[in-house]
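The data blocks that follow each hold one structure.
What follows is a pair of complexes built around subunit A, which joins subunit B in one and subunit C in the other.
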Partner chain A sequence: MPIQLEQLSYVYMQGSTLAQRAVEDISLTIEAGEFLGLIGHTGSGKSTLVQLMGGLLQPAAGRVLVDGLDLADKKQRAQARRGVGLVFQYPEYQLFEETVAKDVAYGPRNMGFGENEIEAAVHEALELVGLPYKKFASKSPFELSGGEKRRAALAGVIAMRPKYLVLDEPMAGLDPAGRSDILHTINNLRGEIGCAVAMVSHSMEDVARCAGRIAVLNQGRLVRIGTPAEVFAQEDELRAIGLDLPAPCKLATALRARGLEVPPLYEMEALASFLLKREGRHV
Partner chain B sequence: MIVLDHVTYCYDAQNAALRDISLSIADGELLAVVGHNGSGKSTLAKHLNALLLPDEGCVTVNGLDTREEANTLAIRQQVGMVFQNPDNQLVTTVVEEDVAFGPENLGMESGEIRRRVDEALRAVGMEAFATRAPHMLSGGQKQRIAIAGMLAMGPKVLVLDEATAMLDPKGRRDVLAIVDSLHKQGITVVMITQYMEEAALCDRVAVLAGGSLILEGTPREVFARADVLKANRLDLPPMVQMRSLLAAGGMDLPLCLKTEELAEAICQYS
Partner chain C sequence: MFKDITLGQYFPGNSPVHRLDPRTKLLLMIAYLVAVFLVKDMWLFVPVAAFAVGATLLSRVPLSYLWRSLKPLKWILVFMFVLNLLMIRTGAPLWDWWVIHITTGGVWQACFIALRLVLLVAGTSLMTLTTTPIALTDGLERLLLPFSALKFPAHELAMMMTIALRFIPTLLEEADKIMKAQLARGADLESGNILQRAKAMVPILVPLFVSAFRRADELAMAMESRCYHGGEGRTRMHVLKFSPADACAAALTLGLIALIVAVQAIS
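Moving on, here comes the complex of A and B:
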């Protein structure tokens, strides 16, 4: 079952003179188990969309269905929200408990898990994000490094066993190794717990690497949705709305400008192996 | 010229955030400082304008020792800082008032303030937004206003502490274009960044790890040391990564930092 956004609109400060349309008439389906990338300039409506998917904001028009449950309905909302794990920007600012284990247990406890179930969920979530339970469970969240804190916060959401993991710029501010670790972890989670991932990112490279489909937002509207190959073929459109191409695409473009025939490749490894084969070298 | 001479700094007694760092930053230079989370980059940045004072060693800004309290104001006029989060740096409700905040505090007369504010907003391409409210701007626009606020003080050095980290691709492009143009006008720029492709655009790159300066040189020199960088949680700029993938498959190309440069090398090779 999917998350379905149907003709969704949202207006900030509705009814005042400062009313601002943040999301306008967006219809979009997040299929079970898929990795959807969400890209768009600052203010394009990405974070608003994330909050709408989690039922934190109520749409001005349209509706959100999570596995058929309508987020506008009070009773259905409570149940629907259990399936959606939201990870906000800089989630480590929300760590608050004395120990990592208690912090991760907070969500499952609020959801009414039994003690044994909580213990198991915390254990599993910490292992999944690469913070071995033995080493980290009794540490204070504030002793952790930046990357570890981010993982602990992610574990707190995973422990609730969401079917859909919705992340708002989960790699922002991390060093290159931290970025690649977190991205790898998120991608693995799909296989490990079978959840779908919807990830907002400003890094075209990261989205190109992981997403099966990419949704492009501009000024609150969905202007394109498709595979990375389809989306990154639209160089002019992306640039015009403040986005960019992944670095390998730029290289492919520069090679084409010099007369080389290069297929639309957007991943570094794929482009390298194409170029090597072209030189008659086997990889 | 800024000189760090054997600088050590500790936030608490057990851990040194900076360990015996010696580094000089020449006038007009564009220097990148890279390093893993917690490597001491921001601590180093805060030593450049006396926000932090060294526990050992000393920092001098054009000959002024940051430890002398009498020098603090003069140093801060010369060295402006822009931080990561665009929402934490703007203090007023009108863009031009925000840019005027520094010069006003320096006690400049109003005609001079007006001239400086106009010039600073022009330099960052935000003159059309002079009377707008900062909170209605995008992240990239806010960072440009923060830079203008620094420029209005007439600094010799601009320190950007991960100023592009929270921006969308266009916001980053705009800020980098401004950095490039300020550098061409002779302003010294120190750019702290987690993006290796940004470091590749600089004259020189300093690499921190665990509070120590472990590597320093031109981007070509530094990015030839993939082993050292990877061991310290860093990475290579995309075109250098591409080149190593090609090299691993037997296609040897010179080290290229820019897309056009690598494209040219690949065509030459064929």
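Moving on, here comes the complex of A and C:
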């Protein structure tokens, strides 16, 4: 069962002169186990959409169904929310406990897991994000490095064992090594615990590398949804709404313009090995 | 959750009252308060009220705004009114029943106190409605400056107020974000008894304090890197200047006080 957004709209400051439509008539489905990338220019409604998916904002129109449960329905909301793990921008600012283990346990405890189950979930989540339990469990979250804090916060959401992980710019403000580590972790999660991932990102490269489908938002509306190949084929459309192509894509386009046959590739490594192979050399 | 909170109650405008120097407004507000307290005879509230209403009309702040600022006062008003009504035993008895003795003196005093309270709040509200918080702290700093000779930290005080005002919306926004993040982790802020609810606030308050300290640290660094070293020798972008309008306002207010003093001296 998927997360279904049906003709979803949201208005900030509704009823005042400052009313502003942030999300307008968006319908899309996040299938179980898939990796969906959400891209859009600043102010395109990505973050609002994330909050709507977690049931933190109530839509002005339309509805969100999580595994068939309506987030607007008071009785079903609590159950529906359990399935969705939200990771906000700069999630490290939500750390508060004395130790990393206690902080990660906060979510599972709120959800009513038993003590043994909490222990197991914390252990598993910390290992999944690459913070070995033995080393980090009893540390204070405030003495970790920036990247480690981000991981600890991520573990706090993963420990709740969501079926859908919705992330808002999970790599923002990290150095390149930190970015690729986190992205790697998120991508692995699908295989390890089988959850679907919906990730908002500004980085076309990151989205192109991991996402099976990409949704493009502009001014609160869904402009396009499709595979990376479909989405990045619309270069003019993307540029018109202030987005760019991933760097390997740009290179491939430039090569194509010079008469070289290049298939649509979105990873620098893949493009590089294709070109080397074409030259008759092997890596 | 906090998006509807507005800070202070400034009503934007460009009326003669808005344009007055904040120092003038601060001093005249004090003079006005003195005038209200000088009044011993209820009828003298008429010129005071006329002054307040006149100033409001001149400021083009809708009277409904002034009325709104009086609203939080209603329970205090009722309490004071009833208390005075029951406790004052002077004058002719109007109503006697069990322990309740209402007299003309009581009614008079109750009305007097209520009016005084309303006029006090109306006057101060008019000032905050027509002056931005920043202008107010600016005016306050200038007024307190002479006291820095006595080691009174006028500039530091004003800077602290300015920074506090500046960061209230930022911290509210931050609190909203953290609250949402913890709600997404299953935080339950609405059920349970007082103790449980207070405990449920810890996951919001701890990150909020941490981020407030971090911001303070960053701001201090940013200020120092722009050579901030306290108020000594610091010049300002907006230099406060008295204008003829300030003299007019001062004359009117002093006239009001003179009128009250004169009338009461004669009678």
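The rule we apply is simple: the second predicted complex is superposed on the first by the 281 of 283 C-alpha atoms of A that agree within 3 Å, B and C clash if a C-alpha of one lies under 4 Å from a C-alpha of the other, contacts with A are read in each partner's own complex, and residues count from 1 in each chain.
Everything below uses one rule, namely that contacts are C-beta pairs under 8 Å (C-beta built on N, C-alpha and C of every residue); 3 or more make two chains touch, one makes a residue touch a chain.
Nothing here was measured: the structure is a model prediction, and the numbers come from that model.
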| item | value |
| --- | --- |
| Contacts of A:156 with subunit B and subunit C, given as first, second, both or neither | second |
| Which of subunit B and subunit C A:86 touches, first, second, both or neither | second |
| Partner chain(s) touched by A:266 [first = subunit B, second = subunit C, both, neither] | neither |
| Contacts of A:10 with subunit B and subunit C, given as first, second, both or neither | neither |
| Touching partner for A:96 - first (subunit B), second (subunit C), both, neither | second |
| Subunit B or subunit C, by number of subunit A residues touched | B |
| Partner chain in contact with A:35 - subunit B first, subunit C second, else both or neither | neither |
| Contacts of A:110 with subunit B and subunit C, given as first, second, both or neither | second |
| Which of subunit B and subunit C A:54 touches, first, second, both or neither | second |
| Which of subunit B and subunit C A:255 touches, first, second, both or neither | first |
| Set of subunit A residues, in rising order, touched by both subunit B and subunit C | none |
| Subunit A residues touching subunit B - in the complex, by the definition given at the top | 40-43, 145-147, 172-180, 202, 204-205, 242-244, 247-248, 250-251, 254-255, 257-260, 268-269, 271-273, 275-276, 278-279, 281, 283 |
| Residue ranges of subunit A in contact with subunit C within the complex | 12-13, 51, 54, 56, 81-82, 84-86, 88, 91, 93-97, 106-107, 110-111, 142, 156-157, 160 |
| Complex interface listing, subunit C residues touching subunit A | 3, 174, 177-178, 180-188, 202-204, 206-207, 210-211 |
| Complex interface listing, subunit B residues touching subunit A | 35-39, 84, 138-140, 162, 165-173, 194, 196-197, 230, 233-235, 238-239, 241-242, 245-246, 249-251, 259-260, 262-264, 266-267, 269-270 |
